[in-house]
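So, here's a batch of structures to check.
In the two complexes that follow, chain A is the common piece, with chain B as its partner first and chain C second.
This part shows the complex of A and B:
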């Protein structure tokens, strides 16, 4: 077979899908944790941007991708710290603060990048992949799934780790109680503010990591507004996943395929306006929301700041 | 015991203010080991606020709390638990989406795996001595409110508290459950625990207490110490309490004479229910072939142990729960296919027992909560615009009529005391156009004068020619009000008795599974 459906093409498509899915996965898992604990984290797009920028800067100057991931996660945590302070501790409106953080970081990262690199967009060198023996020899999916950077496998492992935390640990119970009935958690002797803060900071770390992956591995460079709505897609994924990390994984892969198709179709020069092609992932969101949105069940106290003794 | 007992906890001149109210005004209280300290007072008297300060939810504005004689600021619920103060709160403090076991495990160190086996053993030990059964692996949302209350009491026990606080913990229990709780409290204080017991039922206070304190409008207005308590008989205690609380003397205030109503036998039933069925869920029996009629002016009671399908019955009639068969006719017209709103329009009203959950929107002002079910309708809304003046005018009227104690019409309804929230609900459901009214535990959590007033309102409702279905676990209440009493057990009606002299024994026999 040749043309659009050659083995090479399919493999590249799938590879692209995974690359596009990882940031969405990390963002979705992070958002899921915040939402479980009752915090609607609209600022996640800003956390991803901070992660993308700081992750790129870290990797660019140190030459180490891993250090880049670390600074990226740190950037996400820094933004999350502001969010936790304003929304969890002081109890300001989560939606307003979330939007403000996202807008603020869009501007800030663009500005800092401009100061630093002016109008040039330096690239990182290509990433090293970890090849998994045997599996990577399978046609089509082998090269796509099993020749990825180590962090990809770690992100997938995280899905199962999260599932374990939610279902099998005391921390999982605490998170769910913080989102469904914070007063009950409080009178059980667990600090609701602290529990939610931990959740928001974890979200920041995961979103930051997702942003760093997007810049350093996905694109190999930083450009302003690089996340392009990935954080918001993460919010959609978290809402549709009904608290289950595996569903975030499935959803992320689905969106990843759409995003990858968009690129592939542009490359293949199919005769459809690019604007239409670029709408594909967002069309997928709409379809998903129509199909499954009704079943999305959100924690009862989502978005409501907790104040002890208030009623 | 002759050993001088020292206070576990003492309050000295404790004052707590909220915007618009002084909830506690310089209250002194001694809580001793080996004593059941009963706290009485009308709705809004400040009982729960006092408990909130002992449990670390709130801090006093003035005064101090002594624990073991040491002035102690109880800074958080965790601190309270560490001091050995375990509380069963008036409003449910369970996470509905978690199982009973998970709720009991809440509070353990976060890095650990929940110790389920340990808990199961501990619970088995406690439930054996209590004689109750608890579905450890059922989701809390699937339990009846009575079962949830048992779980909360169990939780306080699991924690080994030295001071156990029960804020209206008998409101959802059956008479048998209440007696068992009383016996349990006795055993616990004999082991040296201290108990604070809040109730609105004076008989419980007299039967289970050692010491009684009475609050009124935030102030402590009287105390009966153990020596006096023991010297007085039940009747003497009750009349002394009534005097302290209301300043007037009455023998047994709850024993109101049931007025003999004449129901026109020839009148067609207002509500006819035939073979109503609801599918069982994992943890509830569902309903099977429920049939009854209620004539205009008639009060039909549903007695039964909580969790036998009462809630399903009320919800199925109101249209909130899907049925799998049967018919419901209101004034002859079938309504089983109609929606909740359409049934309401036709004159069917349902007063839920879940005041804060489905009954009201806690953050909305009192005024709006009166008209929640009329949102968008004239005269309170015109062309989608809220008519503030109209709403406030009517709301002020209802507040006066139903004696709702609220700082203002704009106060969020959740800030009111439990009893006052109930009055808002009553006022809303009994307003214009009602023909058939379903009451589910209408007086739970109300103080004596409010209970009596509510019962009178329900009687008046029937006297106006409405059909009333009264679901209650309080047999006294049913006997004092109903024309007939049906008994529900495991989702079906096992018998209906006329409320004559022998009704008490007949209903009692039906409830425990014997033929009347």
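This part shows the complex of A and C:
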């Protein structure tokens, strides 16, 4: 038990937390943008799976991790394109299509994996990390936070970029208006459908990237159903964050720590079912909601397709 | 049809036109359901071709094993039982405008508590009473589980999509913890609950393997449909769903109704878990999660929250999943293909409904 609080152990725990948090962060940021623009994107789990599968295929056959991230994001965008077409352009029910896409991609990626990799289960080699000088020498925190793959730093930078976009740019305003009062945006001469389409496609790219990270960096391989609810966690994070990207980051880290703790407990041989630890983040959030629960500040037109002239 | 005082001739003429209209309506409905399904089968067939499987052989097998063979149809009808309960629960919630996305957690907790209580109760009371008690316990546990999202939504306005989603993650884990730590059968090495003997389970219908849970499910969904469409209570819930503010102004106790909706919806999901365990499975293994809840949600939407239409769609879903499971064993097409097929069917059905709607609108204009 003494090994439990050693420097190495804590550092590994934190490293695992960051690795687990990044896909959640990307999914949460993506979902946040969709929701801001008024689209409840339940298909995000499917987008992540498409990203995970195509990201792995891209990285496996090209040998380049970056190409893998690119194909992963592309996979997410492809699924998002279907969602944008069906739910934004012609206004089908977002929950029906979202769940259908999630089910379909679960099946499709598992099917393709079965015919392609199920005999060999190929793995990618361990990823290169970018070491940040000086900071990486801090005990415990250094090796955990500052010896990560470059994409991790980019994902964290994205949090602040998103914050800037939402607060300071025209695009941010448009997105918010598309979610709160689409008719007003339309009157101002800006195409609601186009604004929402941009949001959904961005969600697809981010979710796909998150999936690719999960497969290529987190696991090093693709297995069916690899996302295991990460997309739904992203939805929860986005809704809890009330439109603020920084809160998505905090939430993702909280869940990341708990997920990492699950693995660490198993390694340390502590005899608690991992399910108990998996319950912790949800319990924490539920308790927070019960104690501080206020009205959620969700966009007024969330989940409602925009049709010009309809009341 | 409804005019008793009208002259006889007029009444028959009215009857005739009404009959023609309903027949045309039914024909139209059938066309709008079967057409898209056929289209979906063709699209999915292309995927099968792409992975090198003969689509006709696959579909033939699915049809035979899911619908036409005596054993297959019995399995299909048995599979319908939990799905009907889940659909009934979702109809109540969705008609009242509440997104209960926590069906899987409520289902699993119902299943685990039923599996834990039934083998114990059977030893102290007659089997039929034990079954009823297990059903009630499962229902109550699921209801209590839904109380947190219900109270948060009713009195704090916290969005129920977040809370029910989180409660479903929590419920899934809690169900596992219960199986592994509290209700574990000491007699086996695999973590699972004690097994309910086959003779103490829900009786089977006649000489078949169909569980009588099917009848319970049908009763549940039809009752829900009638309550929602024909009673004052149902009307109140639909008003809350259509316009909560108007409901407050109409003097309805919206918070109490909200809690009632969650309790009914979750209770039915808990019963779904119980009916699957007490009728079919007999025990719960650790990490068992059929995830029926997710597939039933779009089905209920496509049925436009109509109980009778939902029965039809649930039947279709069961045929596809039972047929797909057999095909996975026999033809080497992984079970995952069923998910793809269901997904394409859902999307094409939604699209067809949209096209039909637009066509009707342009004809009226």
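Just so it is clear, the second predicted complex is superposed on the first by the 286 of 311 C-alpha atoms of A that agree within 3 Å, B and C clash if a C-alpha of one lies under 4 Å from a C-alpha of the other, contacts with A are read in each partner's own complex, and residues count from 1 in each chain.
We adopt the following convention: a contact is a pair of C-beta atoms (placed from the backbone, for glycine too) under 8 Å apart; a residue touches a chain by one contact, two chains touch by 3 or more.
Here the structure is a predicted model, which means the values were calculated and not measured.
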item: Chain B versus chain C as contact partner of A:176, first or second or both or neither; value: first
item: Partner chain in contact with A:283 - chain B first, chain C second, else both or neither; value: second
item: Touching partner for A:136 - first (chain B), second (chain C), both, neither; value: neither
item: Chain B versus chain C as contact partner of A:184, first or second or both or neither; value: first
item: First, second, both or neither for A:228, with chain B first and chain C second; value: neither
item: Most chain A residues touched (candidates chain B, chain C); value: C
item: First, second, both or neither for A:86, with chain B first and chain C second; value: second
item: First, second, both or neither for A:168, with chain B first and chain C second; value: first
item: Residues of chain B that touch chain A when the two form their complex; value: 52, 55, 57-58, 76-78, 81-82, 87, 89, 93-98, 102-103, 105-114, 362, 414-415
item: Residues of chain A that touch chain C when the two form their complex; value: 40, 86, 90-93, 95-97, 99-108, 110-112, 114-115, 224, 229, 232-233, 235-236, 239-240, 273, 275-276, 278-279, 282-283, 285-286, 289-290, 293-296, 298
item: Residue ranges of chain A in contact with chain B within the complex; value: 168-171, 173-174, 176-177, 180-181, 183-191, 299-300, 308-309, 311
item: Footprint of chain A on chain C - complex, ascending; value: 47, 51-52, 99, 148, 152, 156-159, 161-163, 165-167, 169-170, 173-174, 176-177, 180-181, 294-295, 297-298, 301-302, 334, 336-344, 346-347, 350-351, 354
